[in-house]
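In what comes next, chain A is part of two complexes: it sits with chain B in the first one and with chain C in the second one.
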Partner chain A sequence: MNAASSDTYTGRIWRRFSADAFARNGLRIVIALFVIAALAPLLANSHAILRVADGQISFPLFSSLESIEWRFLIYVPLGGLAFLFRQNFVARPGRSALIFAGIIAVVEIAIALHHPINDSTNDRDRAASFKLMPPIVYSPIESTLDQFAPPSRRHPCGTDSTGRDIAARLLHGARISLSIGFVSQTIALSIGILFGGLAGYYRGWSDIVVCRFIEIMDCFPSLLLILVIISFTGSQNNIFVIMAVIGFTSWTGVARLVRGEFLRLSAQPFTLAAKAVGAGDARIILRHLLPNSLGPILVVGTFGVASAILIESSLSFLGFGMQAPTPSWGDILSESRRYIDFAWWLAFFPGLAILITIMSYNFVGEGLRDAVDPRLRVK
Partner chain B sequence: MTTYLIRRLLLLVPTLIGITLLTFLLIRLAPGNAALLKGGGGENGGRAMTAEQRETVIKLYDLDKPAHVAYALWIWKVFHGNLGDSFVDHRPVTQKISERLPLTISLTGTSLILSYLVAIPLGVVAAIKRGQTVDRTISFVVFVLYSIPSFAAALLLILFVAGGDYLNLLPMYGKNSINASEMSDGAWLLDRIRHMILPVICLTYASLASISRYARVSMLEVLGQDFIRTARAKGLAERVVILRHALRNALIPIITIFTLELPVLISGAIILEEIFSLPGMGQLVFQSLESRDIPVIMGCTTLAAVITLLSYLLADILYVAVDPRITYE
Partner chain C sequence: MSAPLLRVENLGVHFGPATDPVKAVDGISFAMQPGETLAVVGESGSGKSVTALALTRLLATPPARIVSGQIEFEGRDTLRLPDRELRSLRGSQIAYIFQEPASSLNPVFTIGYQIREAIELHRPEVADVTGEIIRALDTVGIREPAKRLDDYPHQLSGGMQQRVMIAMALACQPKLLVADEPTTALDVTIQKQIMDLLKALKGTNHMAILLITHNFGLVADFADRVAVMFRGRIVETGPTAEVLRNPQHAYTQALIECVPKLGQKQHRLKVIDYAGIE
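Moving on, here comes the complex of A and B:
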């Protein structure tokens, strides 16, 4: 990137952000976690990646993958690539849209044609002339006779009451935690921007109504509201219910912020100038107010992801989380309660995973806050 | 000021009605109700109940009326100072809540005071040693603490210091030992304190980060002001400058933040009370939610909402009271 193009608002924020070692490393860990989550089936699986036996070459791991796992494996790296080459796409939006549509069509057709082989036998003990196993040779929902094994070479994080490998469950659980954090905050940001924007831009009645509503939402003890809403769906939840519930209950902070920013920016000369030349509401909001408040919004969103991950694990811990065999960090912690007098690894490793994730998100949020508003810089 | 107060108090009414209405509708519309859970048998367990008995129970709990009518009946009773009786054991809601409040307040209150007693000095020291190793260490440590999920910390603390295969220094759960009723007052108190140590620690450590950060920022702001330079210039000892001139002024914004945290006192801590089997408010709410005990949930929510709204108001009033430059006229 040359000097001229980096001296933009975003460029300056990025430079200040990456000057902060904590923030930089926090971002690295977050990206690493996403990579781990995307590659989880390749990292922990009882099937071999490559198996040569009886003169036949097979890829048991890949043929056992469900379509949702294929989507994770393909779309997450694709998203990363798209982000890296975003400038090429912006330059030619029409052609890029076509390319994207094409890739998605090909991938979806391939996934539709793929029939996962439900082979419950594992390749660990199966004889083969050559086999390449994943780093962790257990699947997350695979029970073994090796119950309550403390951490060892075979099971780096030990096993639980039914002999499931904790490391495998943690790796697969990363997907749940990370995607819940990300999606629920996207929902929260959308609602918060909508309501906060309405209140801050139009003021008057919409402001009064929105502010009362925010006050009402904030009066509930946070977990209580979530627990009430989640009781509609019972204890058998899927990931989307959890995402929606967390999203719909954590937007008030964003709305307050957006309202404040819009109120502040509405009085700024550039907004008045836009109004004076006859720009419509939509143009002023989308082109002037929103872009100028994106920095602080992003900061709140980042901290929000951290707290959403914490909320999700609390919910699983209380037994309101994901359906039973799904590996989730809070669920492992919850199970550890029953065996807490000896099985420290059941509580320690998921706790550590949550700690690392939340801490790196918070470091990113902190760095972003300092970068967006240097006046707040406390160092 | 009086008109401001009256206006603010009047504004509380629609908010309170909104909160209670929302809660009421949500619980009423949620699948499953107290009558079914009580005697429905089937998937929810419970004693078998004849259809006739179930009808009686449903009538008794106003579950046959539409939700808005039932809400009107509930709020009518509240205006007469009656929060109703629990669906589960038919004891008055006020009694159930007042049984649990002392434990919750002693737990959350200790934790709240403790967190300020620890965090303010940390923040002040960090501000004085701005940018030095001490400052950065404090910031980092409280940040790590903030990121540890409290339930994981609670489980590991139980495992390692309370009755697991390792140290056995503190009791694992409960608010007292089984033989507490036979103890003398002193021994009873000591027993209670021993039971509260772990829950208080778990409830406290995470809040150190935000409070110490506020204290630090507030202190830095004061330290940069002219009157501090004047105090130093006239030759006052640094200790006097910090403690008497800077700290007092730095505490002003912290009072407001403290006020905003008061609602925690009565809402309790659902997860920690579950883990440590403490019969506090959090556990009461959680249990009544599971048994769809509408009067108890409504009572707890209303109490929490009133305290929250009042503490917002108190924070605003204190803001004016401690800083004569601000008025609401």
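Moving on, here comes the complex of A and C:
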């Protein structure tokens, strides 16, 4: 790894992070989950990837994809590529912004021109001279007559009460869980950094107001608060509302941390030095305080993603989150309750998926926490 | 005499409750001519650093309160200047070097970036900023400055870090350099190097230096004039040689007595007897 060998701040953190086997493998699993989420429609679909029939070649799977699925498929790998070649972009920010804008424009135009063919017939049983099917030949919302089938070669994780394939639902559910975890934490981090930063940098009145507000927020059990908000807005099954509600109720920890970091860093001589050079508030906050507190912020963010995924699962389990037919891990678990005495796979596989995801995130978070802790310089 | 560069009149800075304040700086007055070096000497807590920070309102208020006085820099009262003008004064006209170079540099940015920040803030007319940074590092005696641009502060030694701080302070060609115990955190050989560097730069740049120190050794061959501070007041001021040779105030005498003399046998170091001074 190139970044690991250089003696920069991030280089040292990366070295210490990757020395920890739990953190390293946790990160691998998290990345794998993202890849699975991005590729879900290619992994589980009733349409064939490639179909040759009557001398005609067609790609039923790709022509059936919705625009949101195209975005997933294109932007997630692009994001990964951009991360790998980040050095090249940092060197020439102006040109890179142009390239990104160009790519996004081309992709969006192509998506706008694309009309998905809503073909409900599946390619499993359709005759063809050649067909290439995905590893799991069922779509997540497709009911079959094969109800309560135990795990088998055809249904690796069994089926549920309406004959939907659990493996397909889990793969697609990964998108719901990961995107809720990510987006809600982005919201929580933004609010937390804003309020915590105000309190920690300006102190005085803003500090008092923000701290009391945090304490008031913390008085409410957040799950109950979320339930109340969702039932009042009457917007179950709206992924954006759920993301926003989780984000708006879980920023207090971030705000507290940022406030503490800013208080600590404000007392550091380099903040005084920056002021003495003539830097204004915005420059001091953005260039001096924020970059120096990024490590701890990243750590709470990682733990936050894990807890947001857990909250979403709890919400679905209680019937307030994403509902069937939308595949969601919590919803599959919720359904399993009624059939637990004979259909163990309904509870086992989504439970396992949640467990592995949360554990990986927590390993990554703990690894990061140890890596950014300056008192642990041994590794 | 020409108009002074800096004129401080009856400056008072208090901490703590208004009813029973700690008078960190208790009505001091002094003036500096352009290009002059003034050393403010005193022990910990005598108000030297508070005075230095008050010059451009760098003190955190609260807890500090500037209760009285005027600070005129080139005829402008910095205590009453709007924040915006004050910011453009900081760094470009009055620059600072602080005690601990290691923590005065931002650990997450390269030194080149940090000097660039100072130049971009105050000298937008400079076209070749990188060349200017290299020149700044070169003047403070950093070898192969072009290779050091991308170094992080922790990769440099303490002496080099302080040189970088000086380069940053000088990058905007200030008229007044406030050096707040610039060598306290460094060992003796590096101290000498840094002081020699400051002395050389003082000559070439024609800037005034306000040196804050508790070390009479530094004062002797560096400063034109000395002001001795004790409990928030300036108790004695005058040309360096005169003050050192013939100290008038009891505290100055005691302070000079504390410096061990070469070739004199002493069983114990002298300690200031405060009761005798009051």
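Following the convention adopted for this analysis, the second predicted complex is superposed on the first by the 366 of 379 C-alpha atoms of A that agree within 3 Å, B and C clash if a C-alpha of one lies under 4 Å from a C-alpha of the other, contacts with A are read in each partner's own complex, and residues count from 1 in each chain.
Everything that follows uses one rule, which is that contacts are C-beta pairs under 8 Å (C-beta built on N, C-alpha and C of every residue); 3 or more make two chains touch, one makes a residue touch a chain.
Every value quoted in this text rests on a predicted model; they were computed, and no experiment measured them.
*Asks:* Quick check on the chain A-based superposition: chain B and chain C, clash or fit?
*Replies:* fit
*Asks:* Please indicate which partner A:Phe240 is in contact with in the superposed arrangement: first for chain B, second for chain C, both, or neither.
*Replies:* neither
*Asks:* A:Phe85 contacts which: chain B (first), chain C (second), both, neither?
*Replies:* Neither partner.
*Asks:* Which one hits more chain A residues, chain B or chain C?
*Replies:* The larger set of chain A residues in touch belongs to B.
*Asks:* After the superposition on chain A, what is the angle at the C-alpha centre of chain A formed with the C-alpha centres of chain B and chain C, rounded to the nearest 10 degrees?
*Replies:* Computed angle, apex chain A: 90 degrees.
*Asks:* Touch test for A:Phe100: chain B only (first), chain C only (second), both, or neither?
*Replies:* Neither: A:Phe100 stays clear of chain B and chain C.
*Asks:* Quick one: is A:Phe342 in contact with chain B, with chain C, with both, or with neither? Answer first, second, both or neither.
*Replies:* Touch status of A:Phe342: first partner only.
*Asks:* Tell me which partner A:Gly278 touches in the superposition: chain B (first), chain C (second), both or neither.
*Replies:* second
*Asks:* Is A:Phe130 in contact with chain B, with chain C, with both, or with neither (first, second, both, neither)?
*Replies:* Neither partner.
*Asks:* Between chain B and chain C, once the two complexes are placed on the common chain, what is the minimum CA to CA distance in Å?
*Replies:* When the complexes share the chain A frame, the smallest chain B-chain C C-alpha distance is 16 Å.
*Asks:* Okay, in this complex, where on chain B does chain A touch?
*Replies:* Those residues of chain B that touch chain A are 14-15, 18-19, 22-23, 26-27, 29-32, 131, 143-144, 146-149, 151-153, 155-156, 158-160, 163-165, 213, 216-217, 220, 263, 267, 270-271, 274-275, 285-286, 289, 297, 301, 304-305, 308-309, 312.
*Asks:* Which residues of chain C touch chain A in the complex?
*Replies:* Listed in rising order, the residues of chain C that touch chain A are 53, 56, 58, 87-92, 95-96, 98-100, 103-109, 117-118, 121-122, 152, 155, 165, 168.
*Asks:* Which of the residues in chain A end up touching chain C in this complex?
*Replies:* 7-9, 268-270, 272-280, 283, 287-288, 291-292, 294
*Asks:* Which chain A residues qualify as touching chain B in the complex?
*Replies:* Interface residues on the chain A side: 212-213, 215-216, 218-221, 223-224, 227-229, 231-232, 234, 306, 310, 313-314, 317-318, 333, 336-337, 340-342, 344, 347-348, 350-351, 354-355, 358-359, 362-363, 366, 378-379.
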